[in-house]
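Several structures are given next for inspection.
What follows is chain A paired twice: with chain B in the first complex and chain C in the second.
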Partner chain A sequence: MTRFLIPGLIFLLLAGVLYVGVVQSPNKSTMQSALLGKPAPAFDLPTLDDPATRITSAQLAGRPWVLNVWGTWCVECRVEHEVLMEIAGQRAVPIVGFDWKDDDDAAKEWLRQLGNPYDVVAVDKDGRASIEFGVYGAPETFFIDAHGIVQYRHVGAMTLDIWRREFLSRLPKQALP
Partner chain B sequence: MIPELGHFTLILALILAVAQTVFGLVGASTGNVRWQAAVRPAVAGQFVLLSASMGALVYAFVTFDFSVVYVASNANSALPTFYRVAALWGAHEGSLLLWGWILAAWTLAVALASRNLPEAFASRVLGVLGFVSVGFLLFTLVTSNPFERIIPAPADGRDLNPVLQDPALAIHPPILYMGYVGFAVAFAFACAAMLEGKLDQVWARWTRPWTTLAWAFLTVGIALGSWWAYYELGWGGYWFWDPVENAVFMPWLVGTALIHSLAATEKRGLFKSWTLLLSILAFSLSLLGTFLVRSGVLTSVHSFAADPTRGLFILAFLVVVIGGALALYAWRAPLLKSPAGFEPTAREAFLLYNNILLVCAAAMVLVGTLAPLIADALRQPALSVGEPWYNTMFPVFMLPLMALVAIGIHAGWKRGQLGRSRLRILLGLGIALVLGLTLVYAGYGPGKWLTPFGVVLAIWIIVSSLFDPIDRLRRKLTLPRAVVGMTIAHIGLGVGVLAISTVESYTVERDVAIAPGESVVMGRFAYRFDDLEAVEGPNYDAVRARITVLKDGKPVATLNPEQRNYWVQRQTLTEAGITSLWNMDLFAALRADVGAGRWSLRAQLRPLIDYLWYAAGLMALGGIIAATDRRYRTRPLAEEAAAAERAGASPA
Partner chain C sequence: MSRRLSFAAAVAVSMMFMSLRASPVDVEAMPTPGLQQRYDDLTHELRCMQCQNQSIADSPVGLASDLRRDVREQLIAGKTDEEIRTAMVARYGNFILFRPPFRSGTAWVWIAPFLLLILGVFVTVRIVRQRARMVESDASEPDDSAEGGTSK
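Coming up: the complex of A and B.
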């Protein structure tokens, strides 16, 4: 009789392993980034508003900031955009956008139509700056602390849940909205 | 409007699936005939509604309705029509819809073909299938709705992943799912038998053709995937033991065990509880495969939009379906008695050995696939087993299995009486040794140490398969489809083992950086890089190389490998140039521009690799022929039951 229970017991064990796997899977994309705990790569890019003005990593030093890599050709970015607008409304932390391998006019049109959640948008036309950050697909979002250290990386569309859990929680307490 | 209609019919289909489950299962256990009579209409309705949902999504793709998120994510205005239809199953949401639709199609087939089954039993089978359908439709609607809108609509879509823009891969998922989902039928038959607490040889006869058909589809589906990997990924390999491949291979191994165990159950009333367990396992592994591929727990590249709610949902569904079935098994299986014994050289015994080896092989693949997760759960450092694990372990199970096939084919039921077949066994082995060793040592030259074993065993299986049909023809006996199918499938197995053995040992490969005008020499063959030209496709541009293959200095073929640059996804893909000769493939892949006019080129000679796809074709063909054997179709039930009583020495 008991031997007929064995398959079920093995399955329960397996289900346990799978459960752990599922619960941990959202953290996987962070673990893969070699940059975590390391200084953010330096960059020097033109801004979308005015190609003559440049935005550099040095200008951002001294306070925490969030980097969001996006493009108008990226459908998930479209899905994410509403969330970013809501996040930007909280004004908790500056958001820097990397407009990745994109057409400038399309990007301006996009921000005019859907609203602009970014404090500043850097144009990463050839994608090199994003590659320095280890980006392999848009959207991706990074949290960089006041010392310029990459603390968190999120792959895929941002959600309010992840924003609360992984980004807001990393801000100094007094900065919270 | 149309996408909303598709969404609406999907919801209605879910409601009918619930009705199908309740009417089927409750109707059968309470003996309510009117409830049972409502099951088949619910099945038919569900199929029609899901077809409408599929149609709505296809319509959205064909008309470039980019306000549907799924269309915008997986198509582009430059994507050719054929791929816009195939894009339906190009990503998660559409794949699930396809899964549900194929399940509805199988269920409809069962509903139509089960009219001469006892009504209560058929109701239970359809009820269980309805339950599986409820789970999948609910999953689709709650976590993965393919009809979701995005307003305002993007001007253009993100395009279908370029690696999926290929004819073989476009038809690969539906055929694979036909196999995957087909095992749900065997699963439902097993659950119905357990619910009734009764399992006899007639049950096995009902179950067999469905299982064999599903297995045949799965075989073709796997082969198509492997073929695609071979010429599209540009590495020249055909199997990588990657988690997604393993996810389809495990159900195939267990399914192979199941169709053999069913043979013993049908012919001799043996292995009843074992057959039940395999029916549950084959479908469980299909579900597990879906889980692994869809939840993103394993392959980090696929975890792109990994959403833990999706993973948890499938896991909960897995626990309910598989856990429920295994609990039912623990409760009911002890009641089943297998009557007769058999000798250790009887056909039953060989089928048992076959089953043990196949299940062990599947367990080995499972352990390898889940190793990273297990290490994770135990808080151990990341661990992943690669090809060496599989390439070492797989032959450990497969070589003994091959020898057992070659001998076991000759064994009779109940008493093996292998002594009578001694001549056939020795003759077959003799022919195999002479041909095999000649081929290895005189034809190709010594390779890996496993090669001669693989080649000899492969030829032995082919020769062994032929004795019985030839004997029947000579004695002017009938040649039932079951025997023809089995023979063809076993020959397919031999051909496949032969192909793998030679490919693994005798592939010649060169990676070179080469400029136009130069050549790379491989034995009697030389690849001459003539020139490069720019070409343009519908949604990509490419450079195409012209490579003339010379054999002994004479041109035999021209290869045109390409490197394609897809515009929308900004992805570069290699398109291998392949020409098949009767005994080998000439393969070239253009890999990268290394500067100074040189290109890195992968050149290969792959002996007998095409026979691997032919082998899969033979196995599937054998399965289809065997599944359409007369005895599954014509005999009335009473006679069938009587025949099962006296079942004796008839062939599988």
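Coming up: the complex of A and C.
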């Protein structure tokens, strides 16, 4: 009886570890943001439309908003763009874009051709503001509540399903479309 | 050990240490040797979040160079190593540290190897004892060895 006990236990342990690994494998590369439940970092960046105009975190305070970090060099951003357009059409919440380490003209051309889902696009040319948000790969999308607290971060292309489940659900009820 | 073998071993070991410090992707020097040393140490213990198994000192990707710039600027601004580590963890989480701190959430990372080692020793000892007992019982049965059984 004990002959099988120890190999059996080791088998169960290994099976358990592998099970957790397999179940979580879709999220393997997406780490939970260290900013969850913490105030969103302050920023002060020029806008893409007009470099003389600036967009600051203070201007966004007092209502929920969504931050989408993107770049024209980013393939997944192209993939999610249609979804962002549909989301923007709902007008449920302001969407702020961080154009991350990108070329301004390429970014303008991108928005002209594919449509502009953003209420405002901030230019984060040297990547400093995105680092403060703990961004490690575009696209990343953050939900920031009316108190300026980061409530959710999605890494990778946005989908309507994730948008409904993780973003719309965090909006105050009366604001829902 | 033959002389040739020990030479090979010495070469292998020195190559190991060479690879630890080579950072061909980084060209900018710090103003003082002291700061350079701290910069080298810090950038080697911070993970490149995009490539994950490289430190930010070893990675050529854009984000790693941005983080190196951040470390450089914080060092020049007079921040301590601990303050810089804390700032990195605040943005990217413990995962950015190659040496995670010992906390309730990370304890298993530190304990598991030792548990596995103990388990391995336990299993090995058991198997060796069992084999020894088998050899003993074989030896006590002349018939078995005469048939050319398991004992050698």
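Note that the second predicted complex is superposed on the first by the 146 of 177 C-alpha atoms of A that agree within 3 Å, B and C clash if a C-alpha of one lies under 4 Å from a C-alpha of the other, contacts with A are read in each partner's own complex, and residues count from 1 in each chain.
Rule of thumb we're sticking to: contacts are C-beta pairs under 8 Å (C-beta built on N, C-alpha and C of every residue); 3 or more make two chains touch, one makes a residue touch a chain.
All values reported here derive from a predicted model rather than from experimental measurement.
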Chain B versus chain C as contact partner of A:18, first or second or both or neither: first
Which of chain B and chain C A:131 touches, first, second, both or neither: second
Partner chain in contact with A:101 - chain B first, chain C second, else both or neither: both
Chain B versus chain C as contact partner of A:35, first or second or both or neither: second
Touching partner for A:155 - first (chain B), second (chain C), both, neither: first
First, second, both or neither for A:79, with chain B first and chain C second: first
Common ground on chain A, meaning residues reached by chain C in one complex and by chain B in the other: 29, 32, 101, 137
Interfacial residue positions of chain A with respect to chain B in the complex: 1, 4-5, 7-8, 11-12, 14-26, 28-29, 32, 72-76, 78-79, 101, 113, 137, 155-157
Interface residues, chain A side, partner chain C - complex: 6, 10, 29, 31-35, 38, 41, 101, 126-128, 131-134, 136-137
List of chain B residues in touch with chain A within their complex: 69, 72-73, 150, 152, 154, 156-158, 273, 277, 280-281, 284, 291, 295-298, 300, 303-306, 308, 311-312, 315, 318-319, 322-323, 326-327, 329-330, 333-334, 370, 373-374, 376-377, 568, 570
Contact footprint of chain A on chain C as seen in their complex: 49-50, 52, 62-63, 66-67, 70, 89-93, 95, 119, 123, 126
